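As structure tokens, here come the structures.
Both complexes shown next keep subunit A, but they swap its partner, so subunit B is in the first and subunit C is in the second.
The block that comes next holds the complex of A and B.
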């Protein structure tokens, strides 16, 4: 790294001089010759002719002074980065914590200091690139970062810490979030006093904080309805559409499943149609003893049922995506998992993962991959699929969340 | 790189689309739909011959199109490749939008 022009500004605190001296000594050992100054000198314009790469400001300077110093060289093509430093007592940093500043704290060893300078310098060059692309960089970048953080927290906060795992079954999940927040989620819970286990994987269309909020709403609606409709089953018939098609006679779990999806669709279309968000989902209720599984596939990528004897079946849609039409009809279908059969649920982040040449991973490849490991455990299947998808993506950025859930009946 | 060109012919507005319609390009597609809505055409053709990929954000754009244009206006998707058509169909949108394989004005 070339020598940087550094301006080190001492603070008013009693120990500030000694701490500043310690830092400048480390900077000198890294081959830099920093310019030393104080707050009043900088304010008086003593260094206005300087074009610093980095301002190193003692944390005992006030937040207002730090902001003023940071603004002073904003007219430069590449304004300086700002790094706060302090002594072993970190208390002065508290006043700056809300301002998202970078810090440098003791020990000021040459290696650590050099590393921080290099990282700060790289970040500054990136900021300049962004500034050249965007006329209002600081504001939009900060807002974007903030939105990403909020959206990600919402999404992560709604994933269950653990899923139900009935005796004789294996359940495994994989969730690899993309940088840009989107609205994937999975869920699982027991129903009917543990006699049924429900699992679902869902994907809210689009990305951003709006999709994350919508995901939170949908997840809450589905879980609350499914669990409470079971307890208060008397409500269920009122939530059912007048024309409902069963592919077989209704059985335990069918009414809560249907009422939940239908109720969520009715709520979303009555209250949120204008936002044009929708959610695709695969929602199933399993009987752990018999292996029978009732499901609704609402516009979602078809899960892959892998038979222990070889062969597979795709569980295709039985209704449209949820949130599009008030009068949508969702049909329940059923399938039975035999011993060592596996059901693999996923979102489009798997099949639509793209490599640098923009080629999709694709459903045929996923089916081939899964068919090749029909004897594998649920966790192994999820892990190997994720590895394959990531190998396909290579260095291309991951554009969507990758969400997977595998259910295996082990006996 | 998504591109959309607007062609008006009588009561029909055609949007010729190419590239990828994903979360990145969906906002510009929404803007174009706003422009189309102000012209109140009787038919909107989404010519997707050059569209290589549509994500769920892109399908959301189609939902917007259906909502913005009102029930009286026909929305037709033409020339979509197999993947794009399958993504639209899977969502169930074919109940509200006509999907045709080849283009006819």
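The block that comes next holds the complex of A and C.
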């Protein structure tokens, strides 16, 4: 068995110190490095940076403390298992009998302890699988953790399993969710009978289940409108803002793009004004043959257009965030991607990633990074950007979703 | 993890209720602000959100501002934002907030702006 990271927590009872000491010595003798602590220290966060495999808790701790400690590391990919231990009298165990805990009782000989640790470790792996399968998280999970899980399931259930990739184009995405569920998403689909491909990256404000639900709503509205308004175009005139004037006849894709964003804004402000959610998004419709790209940037971080010949451009906002006010005006802008040009879309999880010193990753750094790899493929660009952002963040917690989408015209 | 904290102080400047924020406004601290704003709007028609000492604001903060603005509207009240840093002003401008928020340099200006409009 590999060396395990063990956190041993002493209890308040009179004999607890001696009993804890005895167990710690046995643990060390069978090749582990136990970390010794007390209840108040754990609660104060003294070991938050530790990633324990197993918590060994003295049974004189209360059931509530035991539950709290067990929750403390639930954010780890494999949360630690919990073993209760006590002295020869076993009395403090009584308080925990109803909670289906695992126990470790004296004598604490190295062989017995090793055997129990192994079983505890196996049980923990099983528990993890069971937790992943269980659609109804056990009651012992704190409400907050359950909410996180539900929110994340909603959010990830609305990301497309694959994106359209027209001939001669490369499309790559990266999505790294924060622990606290947020409302980022990306999407992509064909429109106009396959003659156009649409891509979008969006960020719903705030966090939590509310943001995840709003994300699901917005994603559905946008995708449904964009794909269905196209078909006959019959609904489109009703959804267009009256003040919108086309200087020339609108090109394919312009009408559904504008109607979709406008329709979503109208729907959200008519039905969801009081929740005060809003979403920033970059939505583009591309003509794969010509490389022409029509877009609306609704209050979103400016995507970076990288020219194969060197140089870059930021595609700044052409309208406010969606859901803010009913009569918002969105304007369509256009650019053309030449061979080997790349458009890099992202959310603020990239530029606002902070390290332990609270320094931002920042847009200038992102632009520098991308400019340095303008010859790279779309997948590489996403992968390396994610690696750089994570290297910057270091051990600081990831506070926001990191979402990226790279679109490269390869010929 | 560095704990983010926010201090909220509520005071009165003439007709104006002032909710001043010091620290970090994010999804954790936003509900507290909402509560204070709600209470202030129950008693006052004019509200100023003083952000001079705000260190950090996430999108949850923008949502609080929007919610406060709409609450003020519902209560036939008015709201101004005071003490925007350059960074915050740029963020609000990019997301499209500046178009419908009253923005003032200081509380005196805020009171002037909010009382002069019919």
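A few notes on this one:
Everything below uses one rule, namely that the second predicted complex is superposed on the first by the 265 of 411 C-alpha atoms of A that agree within 3 Å, B and C clash if a C-alpha of one lies under 4 Å from a C-alpha of the other, contacts with A are read in each partner's own complex, and residues count from 1 in each chain.
Everything below uses one rule, namely that a contact is a pair of C-beta atoms (placed from the backbone, for glycine too) under 8 Å apart; a residue touches a chain by one contact, two chains touch by 3 or more.
Keep in mind it's a predicted model, so treat the numbers as computed, not measured.
Once subunit A is used to superpose the two complexes, subunit B occupies space that clashes with subunit C.
When the two structures are aligned on the shared chain, A:164 is found in touch with neither subunit B nor subunit C. When the two complexes are overlaid on their common chain A, residue A:349 makes contact with neither subunit B nor subunit C. When both complexes are overlaid on chain A, the residue A:278 reaches subunit B and subunit C alike.
Residue contacts after overlaying the shared chain place A:397 against subunit C, while subunit B stays out of touching range.
In the superposed model, A:299 makes contact with both subunit B and subunit C. Looking at the shared chain after the overlay, A:87 reaches neither subunit B nor subunit C.
Of the two partner chains placed by the overlay, subunit B and subunit C both lie in contact with A:317. When both complexes are aligned on chain A by C-alpha atoms, subunit A residues 180, 203, 205-208, 273-274, 276-278, 280, 299, 301, 317, 319-321, 324-325, 328, 348, 358, 399-400 touch subunit B in the first and subunit C in the second. Contacts from subunit A toward subunit C in the complex involve residues 48, 180, 203, 205-208, 273-274, 276-278, 280, 298-299, 301, 316-317, 319-321, 324-325, 328, 348, 356, 358, 396-397, 399-400.
Within the complex formed with subunit B, the subunit A residues making contact are 180, 182, 203-208, 273-274, 276-278, 280, 299-301, 317, 319-321, 324-325, 328, 348, 352, 358, 360, 399-400.
Against subunit A, in their complex, subunit C makes its touches with residues 1-2, 26-27, 30, 58-60, 62-63, 66-67, 70, 94-97, 99-100. Listing the residues of subunit B that touch subunit A in their complex gives 20, 22-23, 26, 52-53, 55-57, 59-60, 63-64, 67, 83, 90-93, 95-96.
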